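Structures incoming, each one as structure tokens.
Each of the two complexes below includes chain A, the first together with chain B, the second together with chain C.
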Partner chain A sequence: MKHVKTAIITAVMGATALSAAPGFAKDLRIALQSDADVLDPDQSRTFVGRIVYASLCDKLVDITPDLEIIPQLATSWETSSDGTQVTMQLREGVVFHDGAPFNAEAVAANIERSQTLDESRRKSELKSITATEVTGEHEIVLTLAGPDATLIAQLADRAGMMVSPTAAAAAGADFGLNPVCSGPFAFEERVAQDKIVLKKFDDYWNAGAIHFDSVTFLPIPDTTVRLANLQSGDIDMLERLAATDLAQAEADQNIVVDSAVSLGYQGITFNIDNGEKGDNPWGNDKRLRQALSYAIDREALNQVVFEGAFAPGNQAFPPTSPWYNKDLPLQSRDVEKAKGLLAEAGFEGGIDLEVQVPNTTVPLQVMQVVQAMAAEAGINISLTSKEFATLLADQSAGDYTASQIGWSGRVDPDGNNHQFVTTGGGINDSKFSDPKMDELMNAARVAPSTEERKALYDEAKVIMLDELPRLFLYHQNWIWAYNSKMKGYTPYPDGMIRLENVTWEE
Partner chain B sequence: MLHFLMRRVLIALPTIILISIFVFALQKLLPGDPLLVLAGEERDPEVLEFLREKYRLNDPIPVQYLAWIGNALQGDLGTSLRSNQPVTELMAEKLPVTIQLAVMSMIFALVIGIPAGILSAVKKGTVTDYVANVVALSGLSIPNFWLGIMLILLVSVKWQLLPASGYVPLSEDFWQSLRTMVMPAFVLGTALAATLMRHTRSAMLGVLSADYVRTARAKGLSERVVILKHSFRNALTPIVTLTALLFGELIAGAVLTEQIFTIPGFGKLVVDAVFNRDYAVVQGIVLVTAVGFIFMNLLADMMYFVLNPRLRGQ
Partner chain C sequence: MKDTAVPDIALDPVLTAPPENRVWKKFRGHGSALLGGVLVAFFVLIALAAPILPIPDPAATDWGAVRKAPSWDHWMGTDEIGRDVLARMIWGAQASLLAGVVSVGIAVMMGVPLGLVAGYFGGWTDAVISRCTEALLAAPFLILAIALAAFLGPSLTNAMIAIGISATPIFIRLTRGQVINIKSEDYVDSARAIGLPTYRILSRYILPNVLPPILVQATLTIATAIIAEASLSFLGLGQQPPAPSWGSMLNTAKNFLNQAPWMAMWPGVSIFLVVLGFNLLGDGLRDALDPREH
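Moving on to the complex of A and B:
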């Protein structure tokens, strides 16, 4: 018996010693809030899918945590003086996971695929490119229909992800079942709703910065269970820790918590002129929308629902964004002013408002707090909770008065604004229409310099805050929690998990 | 017996067809447009129209149904709207997981439920009976998700004895597979054990008061033989039916338990599919589970022949 015991102890100690040895092959396990959709950058649409791509597929350009565009597969790019041609120099010595070389031909094939594949969700993002010309093994010229200030930022996301042209041609729309890209990790296997396994790609151009042998993504929807898995050591990292679990995670010495303000927003979208229901007091009179805005204490909302972990906001970008208009700061709550605006609009005795809400915990909590605050100003909000697909369908069809909804956010400011507030915009479910707004938004798309664009957006925001087709409430924070043995992780506002230069120290 | 079986199979066929029509129709009645979610945040109209054509959502519903059932008969249940994987492939991945979970849960349920039921019937009206009843009622009343989270917090986080969640196939690592499954199987098993215990108890009570049991006792047979051989065997029929039905339910998916322990089984597949309006997946799963359920019923019927010699002659 004693021998057995000794043997077990020796074996356990041996195993521990082995794991502590330098250069130990670490397999990183990351828990995601939900399962990714199809793993084809051209067809994909989920946030968690993009987290997987951050390890699987390199893009032409990347962003810094401060939203500056930096080289990834493209080493430099230059826009012609009339803004209709972009010449890109590409990184040399890059290969795809199947061994195919990365070059200008590959970029041309990728752009063509994004623009012409029937299932492609990237068409609108690359719409401005009318032609590509391969001018050298590692040089490509993109011809644009007109100046497009948003294009380079689009290439920092899925539209700029490069897939192996040979693999894509062979697989067609089924590419996502066995994706072949050029990122630091190559696709190994996927079991739906269970795991996505990526293996380190030895021929990666920046292989020296990658310190894990494999990375496994596990969808674990329940936030409590996700944290429990981290605490028990079954996973090494999780994304989107619930704000209410922050205290518990921070108290655990083996866990590190990091966060970044997201690029997106959450708010209330009003039906201004979408179908019959657009003809209602809330859609017709901006003073009512302003009254609701004054009735809400956004800071208190943040404290009550998110324990202060998120960022209160009044614009389409968080206050930390370089695009935020600092001349229009967050207004403080003013119930008297709200009541005054209601009276001006002819609703001294109070008014009802029906808001549709996704039937999940957080949106409901947010709207219940808003409901209580609005009541004090004489606005009686009734909440209709709907399953997300239904909410979206009703909103799109104009069958709503107001809708609690958000946007995941884009690197370029155009993505957070243009389609929502321009006449005929693809997701302008308010059917808000204002000639001055259209003019400013279209001008910001083609303006050559960042300063000029900023000035145009600043001007547009004055109209937005006055008209309030979208009433902004808060900006989510991406919160990651990970094992304290993981070192060198950098949080990014796009919520992606980049594993370059991240190490594991036993 | 063969004749009997044939008749049961023939009765089952219209049931399956009706179920398939029902599921197909109900899904179309669900509010919400799956494509609005599928087309991505931007909802490009061109992409929307292409997808509608591709998944034949522009056709009248009866036409859609006939196309689907026609393919299904050839073994093609379509592809998932969400992940592009063939539905049959998705289900083939999940089935072993769900069966393993179901079998292990059933073992827990039987090992706990039946002895507890016999014991409380034999010791009717004593403290043992009351304790067993209270435990069984608790088993029925404690929600699975609560018990699951509590077990994770205690066993995995605090004591670090078992993995908190996930799944490892039996073929990959036998022991690790059992370790990941023990907690969810226990959570499911205890709830079923409670049901089984109550039924075993009442069946046993009925049998124990029968004349032949008194005769057996009068013959001087030991209590052990009287209870296990004479009484229990006769009480088994309803228990077998119940077990088969419960097993069918388990195959249909232990939705909450799978969600808590992130087990990639049928339950999780169907919940995700419903939320994503992944029509093809929902239809496929319902069809397959309906067939599974009917098969389990058939199996229960056959078990009667084995258990009850009087039926064999018919």
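Moving on to the complex of A and C:
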């Protein structure tokens, strides 16, 4: 009995000592730009939702900051020589937050859920998988309809997130109210528009790398307010610091700023052939679109609106990306050339262009700068600001001439291109159609090697830059700011916040 | 003497006094009303003079002078893409005042005739108009304006129409109430008795007598309409860029409160002053037009 007592006292003391050690007993508070949507990896569609998942739900594979695919829940994978079968070895000793074991059966159930749940938004991402076969407790074979070079990259995002099959079966479409995954933190509570609280999961397979007891995500839409909260110590970290706030954040000794060039782009999408409104000079004559491109000084745009913190661009990938076609560098502004192209197209006297733009500060600022630049070349831009969801709806419906819009970007180059420029592509709101483009894009999906894929994308870029259904303007940088007591944070180009090996030092 | 017996009417001080406007006299003695009048006059003047004032083009950008503090070159500083804030303030005054006056004009044009008809005829006419008015009043003013502006599409003209429609019910109610009071007055009865047509009674006997409260209400509503226009522009439903509006200037400025406080200060102060001006003016008019002596 005495021994038991001693043991208890020792344990309690030990626990106290542990919790007093640096990195323990700390709740990390992270401010997000908006509230996440439903917390079901199969249903959700927001960027901030993915940031929450980075702490909540593990994926089959992950990426490195250099965009290489690395193991997470799958330890290795092998594609058959004909490209139609992928054999995956799965990590052993992993459990979901509800105690259910992670194994090949769970992976099969997850893929089936992503493909068949009515509300699933992952169907197209996993379309190439035709069958799954459990060949061992921790081995699964995915059978594909044909070679799919993009599949593994899809599994590094929401399509590869593993949820507890038992919890998912019990909750159905309501899974998002109480998500059960296998990530480093488990869902604790959520108050809509206020907070999402996750608690450390003690049975996490990589628990040694996690140094926070809990993490709380707080939606704070206004960037200035987010920064003020960080400076006052109410939050420990924020995502998407405004470029114009950089100087203020960097001047504060208690704040560290980190950034990474994003995978996406911002630009202007033209209506080429989407409904009646596609039949307009801008949709019909590529010379006009080229003229606008020449009229814009992207360097100056970057300086004026983003204090030079972002990256000017002319392709669907940032110039730092391995997929960027270096033979097609960013051209400098040439107003005379722009005027020449307008004259060639029969608009010596100038031409009007209506551009719809999201009604938030940065897009409006960007487009007003573009508007002023274009005016010097004789292009009179009128802006119509719309709420973002309306803008997207009008764009899909073809009720627009041009639209200022961007894309957060995907790890695989296919995600930044295929669906935008192929005939019948899912978000080809331009309704751009070119047989050669379709051929190149489809070939790039199944090409076996990275070099061959790069060559195909390079060739497609030539057409894209000539036709300009999308006119690229700049590439955003993800900018994080956090308390200097937080150590070991690594910025990733996908904009996610990964808390492995991040510590807190008082 | 008979001569002396004739009352010397010409010497009566009340009657010999020059015909003085009682309303103007009361208004003149009303300090805050005068201040309101001066404020309103000031903004009206700069708005009217905007095209001839020696100020830069409000949409002209200068990449080399982005968010610069007030200086001799730019008295109120420059904004997020290097435009002169003073020029934008002055042209913005035009948008604000125009929105205030035009939308109240729309509200008066629609509200007063409907109120006259409802109040004078009563019965079914009144019931229908009044129920519709109540339905409109059930939605808060600004919410209704936002909904209408979103429905009509974002532009200054549509914002003015939306605000005008939203402000109409108050004029219907006010006019109707006044008409119900006045239509039972003896002089209206006598006009009816001598067989004047209804439109003459409405326009000659009733309308002039309901006008003073409407004038007061209109002045006060202009202040509300200016705030509504600023709110709609703040939300992106009013004036479209690059044309300046105080509301949209504030919306942009809120992102630069730390780096460029002048961007928010000037439009904020202007909205405050012009609204204060119209409110003081309205209060002064109400006191001056009130037939009761204080």
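Criterion: the second predicted complex is superposed on the first by the 482 of 506 C-alpha atoms of A that agree within 3 Å, B and C clash if a C-alpha of one lies under 4 Å from a C-alpha of the other, contacts with A are read in each partner's own complex, and residues count from 1 in each chain.
We adopt the following convention: a contact is a pair of C-beta atoms (placed from the backbone, for glycine too) under 8 Å apart; a residue touches a chain by one contact, two chains touch by 3 or more.
None of the values given here were measured: they were computed from a predicted structure.
When both complexes are overlaid on chain A, chain B and chain C end up sitting side by side without clashing. Of the two partner chains placed by superposition, only chain B is touched by A:Gly233; chain C is not. Applying the stated contact rule after C-alpha superposition, one finds that A:Thr223 touches chain C and leaves chain B untouched.
Touch counts on chain A: comparing chain C and chain B, the chain ahead is B.
Of the two partner chains placed around the shared chain by superposition, neither chain B nor chain C is touched by A:Gly488. With both structures placed on the common chain, the touch criterion links A:Leu383 to chain C but leaves chain B unconnected.
Judged by the touch definition given at the top, the superposed model places A:Lys123 against chain B, while chain C stays out of reach.
Contacts of A:Gly275 after superposition on the shared chain: neither chain B nor chain C is touched. Shared-chain residue A:Gln365: touches chain C; no touch with chain B.
After superposing the two complexes on chain A, the shortest C-alpha to C-alpha distance between chain B and chain C comes to 6 Å. On chain A, the patch touched by chain B and the patch touched by chain C overlap at residues 222, 224, 386-387.
Taken together, the chain A residues at the contact with chain C in this complex read 222-224, 227, 242, 244-245, 247-248, 300, 303-305, 359, 361, 364-365, 367-369, 371-372, 382-387. Per the touch definition, chain A reaches chain B in the complex via residues 35, 37-38, 40, 43, 45, 118-121, 123-125, 173-174, 176-177, 191-194, 218-222, 224-225, 228-229, 231-234, 386-394, 396, 407-408, 419, 426-427. Here chain C touches chain A in the complex through residues 59-61, 63, 66-67, 80-82, 150, 153-154, 235-236, 240-242, 251-252, 254-259, going by the rule given at the top. On chain B, the positions that touch chain A within their shared complex are 31-34, 36-47, 50-51, 54, 80, 82-85, 90, 93, 149, 152-153, 156-157, 160, 163-167, 259-262, 264, 268-269, 272, 275-277.
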